[in-house]
Structures are given as C-alpha cells and as structure tokens.
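Okay, so subunit A shows up in both of these, paired with subunit B first and subunit C after.
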Partner chain A sequence: MATTAEELDRQALLEGIGCSRKRKEDPRFIQGKGNYVDDVKLPGMVYADMVRSPYAHARIKSINKEKALALPGVLAVLTAEDLKPLKLHWMPTLAGDVQAVLADEKVHFQYQEVAVVVATDRYIAADATELVEVEYEALPALVDPHKALDADAPILREDVKEKDNVGQGPRKHPNHIFSWEVGDRDTTQSALDTAEVVVKQDMLYPRVHPSPLETCGCVASFDKVKGQLTVYITSQAPHIVRTVVSILSGVAESKIRIISPDIGGGFGNKVGVYPGYVTAIVASIVLGTPVKWIEDRIENISTTAWARDYHMTGELAADISGRIKGLRVNVLADHGAFNSHAQPTKWPAGLFSICTGSYDIPTAHVKVDGVYTNKSPGGVAYRCSFRVTEAVYLIERMMDILAQKLNIDKAEIRRRNFIKADAFPYKTALGWEVDSGNYQAALAKVLDAVHYDDLRKEQAEKRSRGELMGIGLVTFTEIVGAGPSKACDVLGVGMFESAEIRVHPTGSVIARMGTISTGQAHQTTYAQIIATELGLPSEDIQIEEGDTDTAPYGLGTYGSRSTPVGGAATAVAARKIRAKAQKIAAHLLEVSEADLDWDVDRFKVKGVPGQEKTMKEIAWAAYNNVPDGMEMGLEAVDYYDPPNFTYPFGAYLCVVDIDKLTGETKVRRFYALDDCGTRINPMIIEGQIHGGLTEGFAVAMGQEMPYDAEGNLLGNTFMDYFIPTFVETPHWETDYTVTPSPHHPLGAKGVAESPHVGSIPCFTSAIVDAFAHLGVTHMDMPHSAYRVWQKIHELGLDKQA
Partner chain B sequence: MAKKLIAFKLNNQPVEVLIEARELLVHVLREQLAQTGTHIGCETSHCGACTVDFNGESVKSCTVLAIQANGGEVLTVEGLAQNGTLHPLQEAFMQDHGLQCGFCTPGMLMRSFRFLQENPDPTEEEIRSGMAGNLCRCTGYQNIVKAVKSAAAKMQPA
Partner chain C sequence: MIPGEFEYHAPATVDDAIQLLAQHPDDGKIIAGGHSLLPMMKLRFAEPAHLINIFEIPELKGITEEGSMLRIGAMTTESELIRSALINQKCPLIVEAAKMIADPQVRNRGTIGGDIAHGDPGNDHPAVMLALDADIVVKGPQGERTIAAKDFFLGTYVTALEPNEIITAIRVPASTPGTGYGFNKLKRKTGDFATAGATVVLHLKGNTCDEIRIALTNVGPTAFRAEAPEALLQGREIDDALIEQAAIKVMESCAPAEDLRGDAEYKCHMAAEMARRSIRDALARAKGN
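On to the complex of A and B.
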C-alpha cells in the first residue's frame, strides 16, 4: 500500500482502483462515432422483416407468399416449411425447452414470428410483410396463468403435450412446465403451525419489459467461399451465441465469428437467442449475402424477452416480539408460450431462493410452478440477478406486513431479524452462503442521514390533518456473480469468466475479456484493475471485448457478473503477470525474488534504496533479457471460476407525498446506501445506481405488459409502456459503506443491479405506508396515479374536504 | 418508386441525395449520408434518440420526411464539434458522466444544444421540462441535468 507522498503521487498517476476516472468510451459516443449493430453496413447487404401473428393462439391453415415474392426487390420469403429441411424451424432454449423459430402449424402468442421476408431495402421488406397472406383458425387463448392447469384449459403446446418433462423435471399437466422446491417443507409447516403470529400475503410482480433504448438486431454475413459466418449482434453473451449458432447450423465454431459491437443498453433483454437472429443467419446462408434484421420498438416489447410475471404468496411465522421463525413461499410463474427463461440452465426459478433476504430465518420452504400461457416467451432478469428482484420484493414486503401486524416500526423489525455482522459467512435456510455483510451499520447510517424519527413525527402530524405521506424502507441482500461452475452452467458451459492480458515491450497493455459492456464502461474500469495490479497507467491499457475471434471465451454480462467474475479473472491474470515480472526483476537486480517488495509500480530490493525496477523496465526486459529457462513475453490468461456468489446489500429509504384527489405520487426523497464491497470507480458506481433506481422507479410506478382476455398485448409502444422522463424521475441521494467480499480477489461484489432490486419494494413500502394507518398492508404494482387513486377512492379519502 | 433529388445543408456542408418521397430523414441521414450518430429507438417520436436540429428547431428525425429537408439546414451530432474542438455540451457530458451506453446521447446533445439557445440560463426544473422529450434508460437523467447546467454556465457570455 502506498503511504509516502511520493508513492501516493505515483499511485494517482496510474488512475487505478478507487479513482473516479473519466470514461474511455465517451469520446466516441459524444461525437456520434459509436458503432452499434444498426450502424453496420456491409457491401450487398439486404434487409429482413417479420410477418407476425395477429392472434395469441391460432392454427395456421395456409401461408401464401406469391404476392410478396412478386414485389420487385423481394428476394425471399421463408416460413417454417422452408426451415424444416434444415431442422431450423425450432431451436433449443436455455431452459431445456424448444421455441419455434417460425411458427410451425400453430401460433402461441400475439406477434409470434410466422414468416421472414428478405428484400433489397428495409421499406420494401416492410411492404412485403403486408403481402404475405396467412390464413388462421383462431383458438381460445389462455391468458390467466391461474387457469393454466385447469382440467378444461386449452392445451397450448401440442408439440410437447405427451412429454412428461420439458427440460426441468416432471410435470403434471400439458400446460405445466416444472415444479421446483427447495427448503424443508415439514419444519416450515411446523413453524407456521406453532407460531405466535403468522402473516400471509398474495402479491403479483407484474410482467415488465427491460426496453433498452436500442432494440435487438443483427447483421449476418455468410461467406460461401470460405464457409465462414460473421454475425454482428446485440448480445450480452456473444460467446454463448457462437456455441448455440454452431450447434444449430452445423457450421464449426471456429468458422463462426460473433461480434457484439457497442450495445445500446441490455438490462437482460439481450441475453437470449431470438428467431430474428436465426432467420437472418439462415437467410444469409441461403442467399449468400449479408442480411440485416433490426426490431422496431413494438416488436421489441412484444416478442423479445420480458421479466417477472411472478404470482407469489408469502407466509411468515414469528413470535410476538417480531422474531421470525419460518418463511414459506409459493409462486405461480407465467413463462409464456415457450420456456425461454434465461437462467443458469439448472435453475428453473433462478436464484429466487435468496428470498430469506438479510434476515436470520431458521427454516424456510419455497415452491415455484412454471406454466405456459399464450404470451410472449421469457423471462429474463431485468437489471437483476436471476429472479432476485422477485425474491427481494417478496421478503421486504413480508417484513413490512409483519411489522404492521405487530405494530413494530419497520426499521425495528428489521434490526431484530438481521443476520448479525459477526455471523458471516452465513448459511441461509435455503442453502446459500452469504459471504459478508453489515446490515445494522448500513441501516443506522441511512436512518441518521434522513433523520428518521423526525420524518415519523412529520408523518404523524400530516396524518392528523388527513394528508397522505409514506415512508418506505428496505434492507436488501442480493446474490450476484453467477457463478460457481459446480452450481451454474449455460447449456453445459460452466459460468466462469475470462481475461487475457498482454503487456507490450514498452509497457502498454492490451487486454481482452469474455464479458461485454452494455454501458457499464468496462474499457474504463477493467483498465483500472490492471493499472493497480501491474503498476502501469490505465491510460496505456486498451480493453477489448465482444469479438469472439479475439476475446477469450466468456459467459457474458448479466446478473452483475462483470466485476464479480470478469473483474476477478482480470485481477488474477494480472497477478500471474506480476509474478513473472517479479522473477524478471530479481534476475535484473541479481537478488532472490524474496528480497523484493512491490511498491505501486515497481519492485524494490528490501533495505537497499535505489535498487529497483519499474514495471516498464521489466516489460522491456521480458522481451530481451529473462532468466535462463524462462520463456520471453509478458502475458497471461485466466479463466476464473468463482468459489461463491457475491452478496451486495443496501439500505434504502423513500419518502412520498400522495395527492388525495389525483392519486399522484411525489417522491420527495430517495436515499440509497449501497455496499458493493471494494469500489473500483466511484463515479461510475454512482451513475449505475442512478440508472438502477430510475429503472426501479419505472417498474414500481408504471410498467406492466397488460393483456386482454384474447391475449392482445395492450401496451407495446413508448406511448403506452411507461419509461420515465426527466420530469417524473426523482432526484437521487446516494451513500455507501464498504464490506469487502472475502473470497473475491479484489473484495468487489458488483453494483449495477442492486438499485433496481432494492428500490422497487422501497417504493411499494412507501406507498403502502401512506395508507398504513388505515389498515392497508399491501398494494400491487404498478403504483400509477390511477391505481393509487382507486385505493384512495375505495377508502373514501377523496370525499373528505 | 420514383426518386427525387433533394439538396440541403448538413452540418454546414451542402449535400445532394436521391430519395423516395416516403423515406424518413433519419434513414437518409444514417444510410445514405453515413451519419450514423443519429439513432433510432422507437420510431414513434417518443424517445428522442433521433433528435437533430432542423432549421433552428429540435425535431425527431424518425417522423420527418427526408423530402421536407429539401432546401433546409440540418445539424447532427457529427456537426457539433467545430474545427476539432468539442462543443461545451460534449465536454460537459464527459466530465459529469452524463452518458452510459451512449445510445440516447446524440439526441440528448442535439436537444440540449437547441434548448440552451432557447433558454441560456435554465434552472434544474426548466432543464428537466425542456429535455422531457428525450428518454434515457441508463443514467436516471441526474448527471445529464448536471452536464447541461455546467455547459450553460460555461457558455454564458463573459
């Protein structure tokens, strides 16, 4: 560690870990020089567009392409019949199910892909989609998941109706996908039977869509002569895409190059492999020319991956002092028409069993049932680790409800149940080992900062005047950084992450990772890690990701994996280089390795001032003067398989004022304290938190994908689907504590998803709190003005003068 | 479909381009004139990623026909820096961490460029209302507001 002023100066020059370094990505983005998928233009490129189903559930009686093919400029119209000989009309999903690439005999959701049109121009392609004549026989749609398992429910998936397993265990009905259970059923039942107090609540986490500002798309280019396929794609996981495309197409993985260029936000929406990608690739192979497919916004919201749709029931057993004795959760999960849930393959409900939260809960039992409905397939983690948002929402709501039942303050009930700071690593009742935490300290810091007692006094006064003021509080724990390969894989590939670092003779560096930034600024922050580890200035460190021809294999960026897994790989690879550098330094200085101390950017001989070699000097020597028997060069690769997940946490407090006549909610204050362990770039962390809080605000206050009884999606444009603007978005206050992860090489835990996960129940907590004195214990999201007004109206509050 | 030759000033340079009457300005800018800084996020004029400056006003180029630009002046993000010097707004977005994925950024810059001419010394509330036609999914807007405010301060006449 640097201590003297001279050492600190040298350290500052590196712009390493802890520095709020300005982003290396910005110069290109602010000058319009980013390179997103839709910016890619290849010679001879043509355009694909989709014919989509107007029905949620229907049999396809016929498809007539003639008129479309007759339109000048149209090159091809492909349907499932055309893909059948190639066995590409269905594709495997990450969850062990199959998904129709183009509808095969039936359509299962509105806007499902029925045919793809390829034309010389995007306008002609769009015209031609209107000319493809599809005759449908409408079938009754199954929209309500609660009716999916009824004896008389329409059977959706005729292709798998005889199967007793669609990839995730036994099932009990043709519309049933899986049952997943964890925990101890009997001890939990007994805890509930014998408890002094039990609270139970049904709650719906609505179906929502991540909606990154850039939609999904690709440019597929098959070179017939070389037999090579290149695909520019909006993917958060380009290496997995390469593997999937190879398995599907039969083209050797070595002849497939997947490039994720600049990505205009992901938030989980860009993890999956979609029919549009597959059909563009097929069209390029068939036509021998590059094919571009880019979704429009309606297609993005209607067909590519959404999140949540969890219908949850929570039960908490406790004693009268509020000490929890047991937790039981039952979930009905609506997965839509195909189980294309993007999760580690063995986890049908993701990491939902983190739902014991920050609390010491002696026993718990969770059961999740997944069902098919006539809705678009999914779901993904929308800015969260797999199903963690749902888990945190459940437990944080239940804590509030228990507090209300026992008339204990919601801060106090949390304090009484926290896992104690000295109890880490802590094994939860559902099997997780929480690495580190200090929940008491985080909560205390927030309550002090906002003067919690004064807020409660103010609220009491307002209530006496009939005004609606609510205080929300959440103390969440996340689980991110998937994950140990013994627990997590995607289609059999372990969820490690990779880094390859090469130090050039003059001391500048190129490093490549298996992750891909979708706005998190990896080019900036990975360089900071290497700068600190190697003592070379981050300015001279070039980071590249997203090109499978050059980057080492990695599982990609989602579930806050980049820092916990990719950052660890980067640190370990850098340490391998430093270990070699130490040997070279010892050789140059003619001492033994043990006689050397590392000092910011150089090795020094212990006790001999002036006897030292900087990393730059060592880099040069690595290419001309190394010890006997050592190979030249200075580079290293690391494939990092994490020993555990990381568990970021935080304490959030929200203050709202609600207008009794309109139901409008004003978020007066939102105070977010996050603990993500070691902080690599505080400026970027704060930016990520602002963004996550805003996406949380969107979900809590307005986002939902509503379907009518026929399965028509009623909100699939930015007119109908709530994306908060500058005006609605609250001002955010951020704070932090630092509790490093003991098992991560840097102590870092990951941060960008915590604010989404943590803020959503905090908004609900605040809104419900505004009505708590009137006996209200829960309100389902979204808390739009109309829905809040309905509650006000139901309680007769709008009638009072 | 019959094509028509149109001429307009793009980033202070005269351009001529052959278009169909139905073509949108954003497509012509991106695909024919290779100015891909202007982005498409929704195609229904809600998101503002395609915002450009057209005859002294902010417009969403996904809902302007290219033919309407005939004889006009269009400024895109590519024309914001002058003689190799970044515009104060570009500098401020970088300094104040006003962008993440960068997809909304060109639209944000072009809207704030016009907004600061409409209101050179805005309050935070005025910035939030004046920029409300541009959506961002990454930043939560707070640092964009900060950037616009700091750029406004730098751009004040001495």
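On to the complex of A and C.
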C-alpha cells in the first residue's frame, strides 16, 4: 500500500488498478480504423449467400440448382446432399443435440439455411439465391411451446424421433428435449402446504435477440498446399471454434488458425457456431479460395442465437411477517428447432438455480422442461451469465408480489429476507456458495440517495389525482465467472481462462489472453492489472487476444467471465513473474529474498534506504544477470481454474410516470448501485453500466421476437426491433459499494452484465407498481406503450371526463 | 439486403428526367433521397431496371416566396426544411413535422417531394399537405400542372401522379394572423413511422373557428382528412366538450391496419388523442397569432 506522496506519484504513473485510465481502443474506433471481419479482404476472395426457407415447417421435395449454376460468376451451390458425403450436413451443438447445417429433408424454422451459393461477386451471389428453385410441402407449424407435448402435436425433429435422449437426459415426447430438476421437492412441497401465505405467478420472459451492431460473419481461407485453414470470424470464443472446426473438418487443430479481429459487440450472439461459418469453411476447402460470408440484419435477428423464451411459474411460501419459507419454480423453456443454446454443457438450464437471489430461503425446488418448436434455435446468455437474467427476474418479481400480498413495502420485504452480511460465504438451498455480499448496506444507500419515503408520498398524492406513477426496486445477486472446471465445461473442455505475459528486457510487456474483447476494453483493463502487479506502466503493456496462433487457449468472453477468470489468470501469471523478479532482485542486491519489500514498482531492502531495484532494472537483469541455476527471461503463463464463481450484486431503483392516454412510459429516475468487488477501472465500469442499463431498458420496454400462428417471424428489422437511441434512453445515476470477492486474487467480480440483469425486473417492478393500487400484480414484458395502454384501457383509466 | 441489377441515370434537367422516364415506361423509376425506395430495393420488393436520379437537379431545389404562397422545390431535404429561415417564419408546421421524421441521416437525404410521391400512409408530409391545403406541382411530357393535395393521395402507394410525371414543387400558403396549427405524432422510438398522427390547421375569427382541416397519418390506406370532426368544429367556439366530441368522430373515421405498433382499437384511440392534442395546440397558437 503506497502511502507517501512520492509513492503515490509513482503509483499514479503506472495507471494501474483503480485508475480511470482512458480506453486504449477508442482512438482507432473513433477514427474508423477498427478492423472487423467484413473489413478483411483476401486475394481471390469469393462470396457466399444463403438460400433460406420461407416456411417455418415444411418438407423439402426438391432443390433445382441449374438456373443458379448457369448464372455467370456462380462457382458453387451447396445443399445438404453435397455436405452428406463429408458428414457435414449436421453439426453437434454445445448442448448435446445436432443442428442442420443445411436443411436435410425438412426445414424447421423460417429463414432456415437451405442452400449456400458461392459466387465471384457479392451481388451475383445474391442474384443466384433467387434462382435456386426449392419445392416445399408445407407442414403445420408448432409455435406455442405449451402445445409442444400434446399428443396430437406435429412431430418436429424426425431425425431424433426415436431417441430417448438428445444429450441432456431422458425425454418423454418427440418434441421434448430435457427435464432438469434441482433442490428438494418434498420439503418445498411441505413448505408450500404449511405456509401462512403462498403467492403464485405465471410470467413470460419473452424471446429477445442480443442484436450486436455488427452481424455475424467470417472469411474462411484454406491453403491447399499447406493444408492450413485460417478463419477470420465474429466469435466470442475463438479457441472453442478451433476445436469444433477441427472435430468437424478433420483438419488438425494445429493447422487451423481462428482469428477474432475487432468484434462489434457480441452479447452472447457470437458464442455459437453457425451454418454460415461451416458452409464458408467447406466452400473454401472445396474451392481452394477464401470465402466470405456476412449475414445481414434480417438474417442475424431471424437465425442466430436469441435469448430467454422462458415461461415461468413461481411460488413463494412465507409467514405473515413476510419471512420466506420456500420457493418453487417451474419453467417451460422454448428452445426452438434445435437445442443449440450455449452454456456449460452439463447445465441444461444454465445457472438458473441462482433464482433464490439475495435471500435466505430455507428450501427450494426448480424444474425446467425444454421443448422444440418451429422457431430459430438458440437460448444464449444475452449480456448475462447463462439464464441468470431469467432467475433474477423470477425472484425479484416474486418478492414484489409477496410484498403486495402482505401489504408490506417492497424495500422492507427484501430487508426481512436478505442473507445477512455476516453469513458469507453462504450456501443456498439450491447448492451455490455465494462468496460475499452486503445487501443491506447497498439497499440502504440507494433508498437514502433517492429519498424513498418522499417518493412514496409523492406517489400517494399522484394516485389520489388519478395519475400513474410507479417505483421499481430490485436487489439482485448474480452468479458469474464460469467457472470451476469441476462444475463447468464446454464440450469437455474445462472453463478455465488463461494469460501469458512476457516482460521484455527494457521493461515493456506483451500479454496475451484466451478471452476476447467485444467492446469491454480488455486492452485497457488487463494492462492495468499487470501494471499494478508488476510495477510497470500500463502504457508500455501491450494486450493481444483473439488469434489462436498466438494467444493461449481460453474459453472466451461471455457470462462476465473475463475479469473473474481471465483477470485472475492475468494476476496470477503476473505474480509468478514478480516472484521470479524478487529472486533476481535479491541476487542483484546481494540479500536474501525475505529481506525485500515490494514497493509499488520496485523491491527495497528492508531498513536500508536507497538499496532498491526497480522492476525495469530487474527486467534488464533477467536477460543477462540471473542467479546461478535460474533460467533467463521474464515471462509466465497461467491457466486459472477458479475455485468458485463470483457473485456481484446491486440495488436498483426506478421511477416512472405513465401517460394514461397513450400508454407511454417516462423513466424519470434510475438509480443503479453496483457492487462488483474491487474496481479495476471505474470509468470503464460506469460505461459498461450505462450500456447494460440501456440494453436492459430496451429489453424491458420494447424488444420482442413475435411469431405469428404460421411461425413467421414478425419484426426482424430495426424498424420494429427496439434499439434505443440516446433520445429515448433515460438518464442513469450510478453508485457503488465495494465488497471484494474473498477467493479472487484481486477481489474482483465482473460487472458488465449486472446492469442488464438487474435493470430489467426493475423496469417491470416500476410499471407494475404504477398499477399496484388497482390490484395488478404482474405485467409481462415488453412494456411498450401499446401493451401498457391495453392494461390502462382494460382498467378504464383512459376514460375522458 | 442486396438490390437487383439496375442501370443508373443522372439527368441534368427535369426535361431530361421526363424523357428518360418516357424511354423506360415499365421499368424506370425516379430516385430522390432514396430513403423509401432503396430499402424496398434492398428487400427486392422493388426491382427497377433503370434508376433516374433527380436529387441533384438544380431546378428542383430551393424555397421561395410567391405572394401569399411558399414554393418548395421537390428535392428540398428534411434538413433543409428544418434549417430554412423562411419556412420557420412562414410555415413552422412543416418544420415541426420534418423534425419528427426518421433520424438525422435520413433527414439529410430524404426529400419532401419523395415523401409525398411515395404515397405511403405512414409518411408525415401527406397529412401536413392536406392540412395546409397545399398544391402539388407536377411536370410531364405535356408540361406542368397543379394537383390539390386533397386530390393527390388515392391509396396505399397510389397517387394522382401519372407514371411519366415528376413532382417539381410544393406550394403552401404562408401562415396568416388568426391561423394556428398542431402536429402530434405518436411513435414507438426515433426513426419510427407514426402509430397514429394528427395534423390540424385552423383559423379563428374572434373566438369562432371559421376554417379547420384535420388530417390523419397511418390510420387508413392513405393520409386523409377527417371530415366529420371538421364539420363539427367549423363555425363553432371550440371548447373541451366539443374537442371530446370531435375526438370520437376522429376515432370513427379511422380504418387502420393492425401491425406491431398496435391493433385497430389502439390506433383509433391514439389518432383521437393526437387529434385532441393538435386541436388544442392549434387553438392556442391561433389565439397567440
């Protein structure tokens, strides 16, 4: 800990942990100098485009390629028939199912990939897709997941009809994917049976799409002479992509190079492997030229991974003072046509069982059933850690509903049930060990800041005048940083993270990680961690990610895992270097290691002022003057397998005013307090929180993927799909407390997803609160003006005097 | 999102453009700002073989005062309308409407002529033209003619424009004392078309409304005048009770199509609410004018 002014000056020069260092990425992005996949142009590159199904469910009777092949410039038209000999017409999903690369005999969702056209020119490729003649026989579409398991439901997946297991346990119907249960069924049942009060609520977390600014795409380039495959790809997990591509293609992993260059946002949408990637790779191998495939916005929204679509029923048992006795949750999960959700392989419902939240709940039981429908496949974590958003939504809604039932204030009901600050680490009824928290303090700080009592008074006055004002409150706990390899793997690969750090003789550093920034500013923050750990200025620390030829193997960036796992690997690797540096310093100063103190950027001999070696001096010595028997150089690698997840938390409060005549909601105030443990770069944290809150606002207020009865996806352009601009984005007020993680080397927890996870139920809480005095307990999202007005109209609140 | 193949023409004069249209009667298409046409071409809903760009033609630009009227060149962009001192002073209704159209990128290219020519019931200028009782000036091989706005909009994407004609200008009356306007548009977000919109222009003589036009956006196959509520308010001293009666008549005059913005019931109610607001705004402005 630096204390003197001189030490503080030296520390400031490092721009290490805790400093709001400006983002190193920004100058290139602001100047349009980023390098995205679609910027990649290779000599001889040709273009792929997809022929897609207009039907949600149909049998393919024939495909005629002749006219398309006759168009000058068309090089190939590939269908499932062509991929069959290579066994590439289907591919395994991360969830143990298979997904059609190109439709094999049947299509299962609208816009499904049916054929791929490759041409010398992007325009010719598009023209040729219109010339591929596909004859379909339409089949009845299954859109409503509640009907999926009916005896007379159309059977969707004929390919797995006979299988009693599609990767995630026994199933009971051809449209059933899995049943997953956790907790104690009997004690939960008896808690509900004997409780003084029980509340029960059905709620739908609608299907939404992460919609990153950059759509998905790749440039695949196979060098026939060297037998090497290079793929530039929009991936949040390039190393896993390499493994999957190797398994699928038979090309040795060492001959495959996956490069994620600059990525224009991911939010979970870029974790999976898509048919477009596979077909571009196959086309490149077949043709021996680089092939580019970039999807457009409609394709991105209609076919690549979406999130949520959880039909949930929550039940809380409590006593009349509001103390919770038990929680039961039943979920019907609509996974679409293929079970290709992206989560740790062993967890069919991700980490949904964190749904006991911030509360001390003695017993709980959760059951999730996954079903197939004629909708696009997916179910990823959209700016959240594997179904945590759904879990937090469920418990936070239930807390409000319980409060309403008992006529207890929604802040008070939470206080009565919080896990106490001295009870950490706390083991939840569903098996998680929450590392640290102080929920009371966070809530108190927020209520104080917004003058909660005054807001309630104002609301009472407004209600008496017939005006609609709502106050939303959420006190969430997340589970992020997947994860301990004993619990988490992807296709058998443990979910560790890696860092490789090299200190050069002059004291500058290059470090490479297995994660990949999609906007989180890893170049900036990882350098800060190393700067503090090594006492070298972050300005001289170069961070690289995303190239599998140079970066160590890692599982990628999603589920808020970069800081909890990648940041830990970085700290531990740096500490290995510092340990070696200490030995070198002892050698140079001719003292024993134990006589040295670390002081910001140097080792000092205890009690002998002036006897010291800076890290820079040590770096130089590492390449010419090391102790006997020590190898030269100054570098380290760490593969960090976290002992536990981290559990960030927060308290959010939202105030809305609703226009009774149009249904429009004005978010008057949004106060977000986050606790992510140690804060590495407060400015970047604030930026991530602003972004997450804005995305949460979008989800709560407008995002949806509506399907009609025939399975047509309505609203798959940005004309309908809600991406807020700064015009509609509310003003955000942010705050924080610091409760470090006890098991993380830096005490850090991960933050960028909290605002998304926490804000969404907070908006619902506020909207419902505006109608709570009229007996309304829940309203499903999105809270668009149209839907809110329907409630207003139903209650007769829009009658003119 | 890749349009079909087309040939591009950039005529220097209106007459050249008209000639090109005549040469390609079936597959030629005028392109102005392109912000309605290009999205349709990218979706391949429209696949013209010849695109005739009139955006740069000087004769189609500019805003001038002609007696009691303002003449606005058809290729005047929304941004130019918003920045025009003359329009701000003499016809602020157009500025208010233009500001609510799309987003800055679209407004920098989209033109008032294109917005009107497109015949889209969701576009905002048609109702503004109806409420202003504007004239649409068009030119074809037979020369120039003028079509009153009330005769121009015939149906969804159907207008009184002949296929070989081009809109060259719009003529709107400059605002006079006692005149007030109201423009209210409900939209889901920036860049969205109206869920429902109502434009009102009225004139007060003393406290009596001696002239009123109420035009509605996106609640029928085309923008249209709501004549029943106009008749109700015409010649009356407008008070809250009367506005309420007019609102009900507005609702009855709507025939909106259901889409993701809402069902017919919601849109009718929203048209009524936008009309209420626009009538009130127009009254307040007329009194202050």
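As a convention for this text, the second predicted complex is superposed on the first by the 800 of 801 C-alpha atoms of A that agree within 3 Å, B and C clash if a C-alpha of one lies under 4 Å from a C-alpha of the other, contacts with A are read in each partner's own complex, and residues count from 1 in each chain.
In this text, contacts are C-beta pairs under 8 Å (C-beta built on N, C-alpha and C of every residue); 3 or more make two chains touch, one makes a residue touch a chain.
For clarity, every value in this text was computed on a predicted model and none was experimentally measured.
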Which partner chains sit in contact with A:I263 here, subunit B, subunit C, both or neither? Use first/second/both/neither. first
Superposition-derived comparison: subunit B or subunit C, residues of subunit A touched: B
Is A:G34 contacted by the first partner subunit B, the second partner subunit C, both or neither? first
For A:V727, select first, second, both or neither according to whether it touches subunit B, subunit C, the two together, or no partner. both
Identify the partner contact of A:L213: answer first if only subunit B is touched, second if only subunit C is, both if each is, neither if none is. first
Should A:L661 be classified as contacting the first partner (subunit B), the second (subunit C), both, or neither? second
A:T194 in the overlay: touching subunit B, subunit C, both, or neither? Say first, second, both or neither. neither
Between subunit B and subunit C, whom does A:N64 touch in the aligned arrangement: first, second, both, or neither? neither
Considering only the touch criterion stated at the top, classify A:Y123 as touching first (subunit B), second (subunit C), both, or neither. both
Let me check the overlay on chain A: which residues of subunit A are in contact with subunit B and also with subunit C? 122-123, 296-297, 718-719, 725, 727
If we count contacts the way the header does, which residues on subunit A are in touch with subunit B in the complex? 22-23, 25-34, 36, 38-39, 41, 122-123, 211-215, 262-265, 267, 296-297, 518-521, 683-684, 686-688, 690-695, 717-719, 723, 725-727, 729, 731-732
Can you name the residues of subunit C that touch subunit A in the complex? 1-2, 4-5, 44, 103, 186, 188-193, 195, 244, 247, 260-262, 265-266, 269-270, 273
Considering the complex alone, what residue numbers of subunit B touch subunit A? 20, 22-23, 27, 30-31, 34-44, 46-47, 49, 76-78, 80-81, 86, 90, 93-95, 97, 99-106, 109, 127-129, 131-145
Can you name the residues of subunit A that touch subunit C in the complex? 49, 122-123, 126-127, 130, 296-298, 661-662, 664, 702, 706, 714-715, 718-720, 722, 724-725, 727-728, 784-786, 789-790, 793, 798, 800
